[in-house]
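Look for subunit A in each of the two complexes below; its partner is subunit B in the first and subunit C in the second.
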Partner chain A sequence: MTIVAEGSTGTNENRGGPIGLLLVALPVFLVCWLVIWPIISAVMRTLWLTSETGEKRFSTETYQFFFSDPYSLSNLSLTLWTTCVCALLLLLVCLPIALYLRFSTSKVAAYVQGLAIFPMFVPSIILSFAFIRVLGPNGTVDLLLNAASLPKMRSPYLTPWGPVIGLVWDNIPLTVLILLAGLGSVSNQAIEAARDVGAGKLAVLWHIILPRIVNSILVAISFAVLGIFSAFTLPYILGPAAPELIGPFMQRTFRDLYDPINAITQAVITFGFCIVFGLFYVRSVAKNRAP
Partner chain B sequence: MNTLVHRRADWTGIIMAVVLTLVIVLPLIVVGTWAFANVWRYPSVIPQEFGLRFWYQTLARADVWTSIGTSLTLSLTVTALSAAICLPAAYAFARMEFPGRNILFFSFLAGHAFPKFGLLVAIAGIFLQLNLIGTFWGVVLIQLVGTLLFMIWIPVAAFQSVDRRMEEAARDVGAGPFRVFWSITLPQAGPTIAAAVLLSFVGTFYETEGAWLIGAPQVRTLPVLMISFINNQPVIQYGAVLSVLLWVPSFIALMFARRVVNSGSFARGFGG
Partner chain C sequence: MSVLKIKEISKIFAGPVRAVDNFSLDVADGELVCLLGPSGSGKSTLLRMVGGFETPTSGVMTIDGEDITHVPPEKRPTGMVFQSHALWTHMNVFKNLAFGLKLRKVAPDEIKRRVDGVLDLVGLNGYGTRHVAQLSGGQQQRVALARSLVLEPKILLLDEPFASLDQHLRERLREEVRDIQQRLKITTLFVTHGQDEALSMADRIVVMRDGKTEQIDRPDIVYREPQTPFVAGFIGTMNLIEGTVSNGIFSKAGYSTPLPVSDGPAILAVRPEALDLSVVTENSQGKVHRVTDYGSHGLVDLELLDSTRIKAMVSHPDLFRAGQGVTLAPRAIAAYRGNAVIHRA
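Showing the complex of A and B:
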């Protein structure tokens, strides 16, 4: 992407300062107005509350309410549980797939790669519907169990496992792609050298491959956490009504309870929990990409 | 690579292929089957009667057509606006030098550094004061923000990969800057830019969370209608038919995007 070296032919590279600024002004303005300002405003509005008389005063009471309200806390802990379980499952599912794709030369690999990337092209709303038809009550799995004269299973639909299954399914493609890109930097020579001195498969994985892709694993986890922590559609449709994940909880507080200040407080709390992952993600992307 | 893994039959691959087929393809086949099932009652493994009855019924519903109209209008508006403001900006980022270029370029990442729905709620807090909740333009704005990163970063790469020597040559034989852009730059960068435009159209078409938070119930896009079908509609086939209809744009994107997605540069864009 940076093949065109700066200044190699650029006779007019340094021209057009004001014009350049003018051309980028609108999208930059949109980012400032609709990304950066809402975040600053969210923090301000929840810390400087407006009282009935219209005067503003500093107060942390919405945060105190959130962290003392048992229902909010159980939603938060369900969210943390779901995020951790999803991240763990994603690694367990995607690492073997990525390892296989990196080192396989067989024709099956192309098919496996196609399938692993396919969920990217299935919108989560269709996935939710498919999930209910397959794993819901009287769904396909029940039909097959019944046909085999086995008892019905306990459906994960409307339990905490519903969103977990949906979110893992949804996040497989990007996790596999990120891990695969990381595995590209593991050289065959390093592995062959380790093999030559008698290292087994596990030893190669542990001592040669994993240390080289730690960064990719962290990026994949950050990306997944940012997507899963405040996920809305899948938990809203597949998850339990109470306790609920923080995404549906914010939506309900905002739209159904008409309580924007508490909804925004919840949003700021999600920012707080994800800030480390967000910063790490931005740093890794920025390192890989120069304008 | 050949010397590295030398197995008899590729059993690992075959097992993975079978499991992934069951987990990823089967659910979609089930949805497709539901869409063409006139009668499918419980213990039967396949539908008792196939047919198009529910296609006629679904397509006879006024709310379905209203939503299709809303979704298409929204996606086209957002994509057109996004292209109009982002492509000139992308050109500037790729070709011009101006103060703050790097920091402005990376500012588009800001939207992706925060949990998405939390950010949407924060934006909704602003929209509440501006009376944009429940309006068409409120949804347009929130979806427009979602397209900025791709509509700038992908075209920037496209403009940078244009062969500058050809532009120089054209200029040497007397072509004006506009002519150079139109005849040399655009044809080379065009396919990638078209992919970015397509991506942002499809992404907007399926955008559910912003539309649901800001637009519903006044602005009902197809995904929003689909949520209400899943929650309140006892006739399963309506949802199934709508799913098949909904998936068409994605299928088109799939056809176009395969090469882009499979290349390593795509994952690198995500920081891999």
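Showing the complex of A and C:
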């Protein structure tokens, strides 16, 4: 595994000295200022509400509102659905690509690798418009179907499948790279030895390869999920108007409805879900490090 | 029991590299044959073709008369032991050994019995629950051997299985493998580039060079009667002196000896242990360059008059000093012209 979150804290050994402490202090300070403090302040602001008279009181009503409002709940469930479907599709798409890249000896593999990594360099906006041009109404696919005098397809544009397709496409490179890094730890000889004792291709995949890359799969999925859960651009452009994904929902609550407290509540709830996936990631990295 | 026949096998890699070139070999039932040759001579490629991991460009292989040339590795009755890194590190020793049996749907108590049996055979009794990472290099290779043996393959293939181990351990495992092989009477093909490994283990040695056979013989014959100058130089230490023959006399830079062959160029081959030296003050044929005392014997490096280097083994190294003149008296010689033996005495 190459992608590992490095903590910046040192060991208990006394090897710091003032320069070491300074080096550590800066990132710690930045993390506290830019990450930890906003989280705490967001949680505080949603729990200690200011009434019209200016006095502060403890209340969970914004959360009660979110979890009783059918619209908010359908947005949340759409977001969870999109995230799960994307994770599943990503795995189904990326695992074969990564396996192919790892084990192919042909020259085509280099081009496939290039193609798989390419979306990483394409901004989401461009990706969205490419999507609309190809899969949208009167897009390339429609024109081709029309030319072949086939019936029009139902475009995924502005349906829940729109963001799914866009997000999967957007996340392929990182997922492939993480899986590929994991596959690097599976030696050719280990695989040949398995075939030697009678394992067919599927048995090799199931008993030899997958157990070795379970951690990479977990890491890749948690990375993708974290990104997808709070994605904004792609769902905003490609997704349906209602229900909507949490990202655009937050933005609209904040900008269009001038309702910062509820927007922050949505953000804290999103953060809560993300932290669950984050813990998942930390756990698999820790497990990976254990002997 | 099993017989392996390899007939006119070639393997050409893109390049084109002729890794194995029209190679034929019959391995008899219960025989251990060593493939010996320098790096890049095609030993691994040949072994991997027998194991099914490479497809021959041409030729046929059979085991007990059955054509296996295009059978995939998982269906071949061969068991292969790799050089290293081939154990499955996410399984413990028992699971490593049981994997192949499970795939064959052997009953659990039968699996247990066979795994314990083979662990006993390789001297790793009670190591079943150990993890692979908790084993030493030597133990790992024993597990790898056991993993192949537990499936009772018809042909056992080993590709430099001890190359990553230290000298001492290598010698011990070599003996153990030979013992096990003879106890089970399993037909075995063993790749090595260590000649002492080949000489001490093999029933027969195949000396390979550039994908072709140079010689196939019993170890003692390969050592005593090498068929080509390459084999002569590759197995053991051999002085190869290139000179010319005229009128039945071989000569090279002031050294000459009778050689009853026709006139022309020739390579004279003399083992260091078959070369006697005597110290002289005049009419010397060579000059002592360095004397090394190994305790049980000594080795004298000397130069012929044109500074061709040769070696001689002597029983009393203290009789020789650097710079002394010597004459040579070989007790056994062979002579080659081109790639063929033209004289042996």
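The rule is short, and it goes like this: the second predicted complex is superposed on the first by the 247 of 291 C-alpha atoms of A that agree within 3 Å, B and C clash if a C-alpha of one lies under 4 Å from a C-alpha of the other, contacts with A are read in each partner's own complex, and residues count from 1 in each chain.
Everything that follows uses one rule, which is that a contact is a pair of C-beta atoms (placed from the backbone, for glycine too) under 8 Å apart; a residue touches a chain by one contact, two chains touch by 3 or more.
Keep in mind it's a predicted model, so treat the numbers as computed, not measured.
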Partner chain in contact with A:86 - subunit B first, subunit C second, else both or neither: neither
Which superposed partner A:211 touches (first subunit B, second subunit C, both, neither): second
Subunit B versus subunit C as contact partner of A:164, first or second or both or neither: neither
Residue contacts with subunit A in the superposition, subunit B compared against subunit C: B
Subunit B versus subunit C as contact partner of A:192, first or second or both or neither: both
Partner chain(s) touched by A:95 [first = subunit B, second = subunit C, both, neither]: neither
Touched partner set for A:200, first subunit B, second subunit C, both or neither: second
On subunit A, the residue positions that both subunit B and subunit C contact, one per complex: 192, 291
Complex interface listing, subunit B residues touching subunit A: 1-5, 7, 10, 12-14, 16-17, 20-21, 23-28, 30-31, 34, 42-45, 85-86, 88-89, 91-102, 104-119, 121-126, 128, 141-142, 144-145, 148, 152-153, 156-157, 160-162, 164-165, 168, 206, 208-209, 212-213, 216, 223, 226-227, 230-231, 236, 239-240, 243, 246-247, 250-251, 253-254, 257, 261-262, 264-272
Residue ranges of subunit A in contact with subunit B within the complex: 1-4, 8-21, 23-24, 26-28, 30-32, 34-39, 41-42, 45, 96-97, 100, 103-106, 108-109, 111-113, 115-134, 138-140, 143-144, 146-147, 169, 174, 177-182, 184, 188, 191-192, 216, 219-220, 223, 226-227, 229-233, 236-237, 246-247, 250-251, 254-255, 260, 263-264, 266-268, 270-271, 274, 278-279, 281-282, 284-291
Touching residues on subunit A, where the partner in the complex is subunit C: 187, 189-190, 192-200, 203, 207-208, 211-212, 291
Touch list for subunit C against partner subunit A, complex: 51-53, 72-75, 78-80, 82-90, 99-100, 103-104, 133, 144, 147-148, 151
